[in-house]
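Presented sequentially are two complexes of chain A, the first with chain B as partner and the second with chain C.
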Partner chain A sequence: MPTERIVVWIAAFCTLGLYSILYRENKVFRFFEHLYIGLGTGYLLYLTWNDTLKPRWWEPMVQEGRWWWACAVPVGLMFYTVYSRKHAWMSRLIFGLFFGLTAGQAFQRYAAVQFPLIRSVVSVPLVNPPEATAPGAYALSPYSAVFNNVLFLAIVVAVMSYFFFSFEQKNKAVASVSKFGRYVLMFAFGAIFGSTIMARLSLLIGRIHFLLHDWLNIAP
Partner chain B sequence: MGKWMHDIDRRWLYLLLFLAVALPMLFPSKGGSAVILPETQSFYDTVERVAADPKRRDKLVLLVANFSASTATENLNQYESAMRHVMRHRLKFAIVSFADPQGRELGQQTADKLASQFGYQYGRDYVNWGFKTGDIALNVKALARDIPGTIGKDIKGTPLGQIPVMQGVRGVDDIGLVVETASADTLEYWLAYFRAAGDEPVPLLFSCTAVMAVEAYPFLRSGQIQGMLNGLKGAGEYETLLQSPGFATQVSPSLSWAHFVILFLIALGNLSLFLSRRRAGSRGGA
Partner chain C sequence: MFTPKTGPELWLYIAGALLVSGVLVTSLQLVPGRLRKPLIALVTFLAGLFYIAEFFLPVDPTTRANFLTDYRAPIAQVNQVLLSFAVGVGVYSLLTLHTKNIVRRRQGWGFSVLLLAAMFGILVTGLLKEYRPNPINQAAFSLFFDGGLKSLDAAMFSIVAFYIVSAAYRAFRARSVEATILLVSASLVMLGQVSLGQGLTAGLPTSGFLSNLRVENIREWILTRASTPALLAVELGLGLGALSTSIRLWLSLERGSYFEKDV
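The block that comes next holds the complex of A and B.
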């Protein structure tokens, strides 16, 4: 049997083994689950060394005489002092450094990503129709685009009013707007759920196509 | 009747779903033509615009493969179509992965598959920068300033400076287009640290799993991304635009039938709930 066919047979058994969970919990599924996690972790370790650590750290340090890269080792080991009660203070230093770095980046990222979004919300044309090629026009007819924008803004206000908890919403108008906000939120969650279904079905389709086409050769 | 529906063994539903997916594959029909959504059309148009722009067409295209084999049905077909489109216009490109180690391999397999068809040669027309581990934000930020310094060597161990296709490529201003294919939440890094880091904003295209698409739509509206492929459906639409039907087009009927079954089951579940509540209500009334 050629090597390619052997690989296909192994992949088919892996697929069937993993899908056996749909019938009921069993040892075959557990075996393939652990096999898959082990393979994935091993592959990640290999590539971390091969694509990053070896060319960016080991070779410059050993072959190009950049000995100061050796300082990265004790710094990296500081993470593992978390397991020692006596030396755990060292892990706090390095964790604190990374927390700070990540928090700073998160602030920067939030501003860079969200502010243009907010600007696009408050600058939608509500009277003059945008060109069909403009961002957000969705190639709609000019007046459909204006209607779309008005609806969009109304939904933004309604959803924001739903999340306004500073005072009780006794006013009938405010309560109605808030209720409308809750309904459109449900529409959005429905869309996310629908998309999730589509994504999961796509994965199933890929596997079934593999079984019928590549393994059994009964589908074109 | 409500109780019977309530007590259906879930394994019958799995079997029903399997049949809905498998039968259209075993007995393929011609089917209707795909409706092209505006985001797919603008994805296609952006690649065409870059290819026609003398200022951009000689720059490098980044084909970011932030996905693994587990979402290959959606992402790999999107990625292959994007690479095909780029090759059709003879644009130079680089493969890179930051979020998943398998991305570098899947990207290379795609290039190997298409290279002979379009006469592409490794090193001359394209390069694979490999998988870069570590903090994605730092990697992308560093990439905008200094590409050879951030990447170092390609997957074959050659320093980027010695690779012909990388000549003159220093930072974000030497990149003509970024196409990110992702199954992870990595779009924001490109939006925040790369797209607007140069003299002019770099066009950014996003092809993602359907789960992620809903959250990416606002970026399309704000003009932060120029186009998007939404899961397997988006891949099928893109294949239609490229007039190159492939896997995504072939399995579209399965996707449609599976959706129909899910909708039917949702309706059945709601009917069952409605009937059981009514029965409980009538008992309570008595």
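The block that comes next holds the complex of A and C.
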């Protein structure tokens, strides 16, 4: 039997084995669940070596002669002191290093992503928007484009006011805006939920097509 | 001093770097208990300070960079390499747990054997495929990866389709205004995505005012015009939250069981 065919048979058994959970918790499912975790972990290790450590650490050190990369070994091993009560504080030192680096990166990311985002929100053109005259513009352009842009701003403000918890929203106007924000959020969550359902169903259709077409050869 | 080396000299330098850094790391244990927390806070502060200083220091107008900008890539590389070492912490935990299961013959120890065999199987065949590329090694890796992992991945995520339908049933019961809005929005998005739904308004013209009422155009409008600004506002809030949390972490002001533990 050619390798491709064996791969198809293994894939079919894996798919059916995992689907057996839909009936109830059983040993076949647990078998494939453990297989999945094992394969996933092994593949993660393979990727860690092949995509990160080999090209970014081992090759610069051994092939390009950058010997100072050897210092990464004792420093990297500090993570493993977490398993020793006596030396566990050293793992916090290396974790602290990463907290610091991650916090700094988060700050830069905020400056690079969020500031332009705020700018893009407040600079939405409300009069004569360019999309009104663009090819394939909405049928009611330019009025629909203006309406959409006003709505865009209104939704951003309303949703942000909904998430403003610093003081109680007693003022009627603020409470109404916040309520509108809640409704819009539900609308957005509904859209995300609908898209997620469709994405999962297309995955399911893909697996069923695989079983019927690739494995059993009974579907076109 | 930091110049690349070749040949036997390189291995000598690597051994020396290992020895010196190993001694330095080990000597950290000599730091008195009362100085350990301040040391952790200092390391955290200095690590974060690099990115903050790089952002605030004036840049050369022609290169749009300052003297720290050139170090961003090497520091990111060090970060990535050291984080890769951390992957082993999780793997070590998994190995310890399942090895104990096997040694003590706990219930279901056979599954632990399977897990470890699968883990080493895909790792070894993957490395063989890289370092000894031949049809046998590639086929062996394909059995594990294409036959096993890829299909298990797709099957596991497609199972969610069954559960999401039951979740949808509970979420979509129009008991309140919010639930009704959720139901209407999700239904329109789903209808606009499949040909069956698109068929409902297929009789409407494809251009002009009435084309806006075609279900696929309504879906497009919901996703790009109504849903996007709401999610943008959420993203702005998340960004602010991330910023404040990162500043708390950077200045070691964060509290909680991990941060307040004695060292």
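Everything that follows uses one rule, which is that the second predicted complex is superposed on the first by the 189 of 220 C-alpha atoms of A that agree within 3 Å, B and C clash if a C-alpha of one lies under 4 Å from a C-alpha of the other, contacts with A are read in each partner's own complex, and residues count from 1 in each chain.
Simple rule for what comes next: a contact is a pair of C-beta atoms (placed from the backbone, for glycine too) under 8 Å apart; a residue touches a chain by one contact, two chains touch by 3 or more.
Note that the structure is a prediction, hence the values are computed from the model and not measured.
A.B. asks: Using the superposition on chain A described above, determine whether A:Pro55 touches chain B (first), chain C (second), both, or neither.
C.D. replies: First partner only, chain B.
A.B. asks: Kindly classify A:Ala175 by the partners it touches after superposition: chain B alone (first), chain C alone (second), both, or neither?
C.D. replies: Neither partner.
A.B. asks: Under the stated touch criterion, which partner chain does A:Leu203 make contact with: chain B (first), chain C (second), both, or neither?
C.D. replies: It touches chain B and chain C both.
A.B. asks: For A:Tyr23, using the defined touch cut-off, is the partner it touches chain B, chain C, both, or neither? Pick first, second, both or neither.
C.D. replies: In the superposition, A:Tyr23 touches chain B alone.
A.B. asks: Residues of chain A touched by chain B versus by chain C: which partner has the larger set?
C.D. replies: The larger set of chain A residues in touch belongs to C.
A.B. asks: Looking at A:Arg119, would you say it contacts chain B, chain C, both, or neither? Reply first, second, both or neither.
C.D. replies: first
A.B. asks: In the superposed arrangement, which partner chain does A:Ser195 touch: chain B (first), chain C (second), both, or neither?
C.D. replies: Both chain B and chain C are touched by A:Ser195.
A.B. asks: For A:Leu216, using the defined touch cut-off, is the partner it touches chain B, chain C, both, or neither? Pick first, second, both or neither.
C.D. replies: In the superposed model, A:Leu216 contacts neither chain B nor chain C.
A.B. asks: For A:Leu44, select first, second, both or neither according to whether it touches chain B, chain C, the two together, or no partner.
C.D. replies: both
A.B. asks: Which partner chains sit in contact with A:Met160 here, chain B, chain C, both or neither? Use first/second/both/neither.
C.D. replies: Touch status of A:Met160: second partner only.
A.B. asks: For chain A, which residues lie in the overlap of the chain B contacts and the chain C contacts?
C.D. replies: Touching chain B in the first complex and chain C in the second, residues 22, 43-44, 48, 52-53, 56, 102, 105, 108-109, 113, 117, 138-139, 188, 191-192, 195-198, 201, 203-204, 206-207 of chain A appear in both lists.
A.B. asks: Quick check on the complex: what are the chain B residues that touch chain A?
C.D. replies: By the definition above, chain B touches chain A via 11, 14, 17-18, 21-22, 25-26, 28, 38, 41, 70-74, 101-102, 104, 130-135, 137-138, 152-153, 155, 157, 188-189, 191-193, 196, 209-211, 213-215, 218-224, 230-233, 247, 251, 254-255, 258-259, 262.
A.B. asks: What residues of chain A sit close enough to touch chain B in their complex?
C.D. replies: 22-23, 43-44, 47-48, 51-53, 55-56, 102, 105, 108-109, 112-113, 116-117, 119-120, 135-136, 138-139, 188, 191-192, 195-199, 201-209, 212-213, 218-220
A.B. asks: Which of the residues in chain A end up touching chain C in this complex?
C.D. replies: Within the complex, chain A touches chain C at residues 3, 6-12, 14-15, 18-19, 21-22, 30-32, 34-46, 48-50, 52-53, 56-57, 61-62, 64-80, 82-83, 87-90, 92-94, 96-111, 113-114, 117-118, 121, 138-140, 144, 148, 151-153, 155-160, 163, 181-198, 200-201, 203-204, 206-207, 210.
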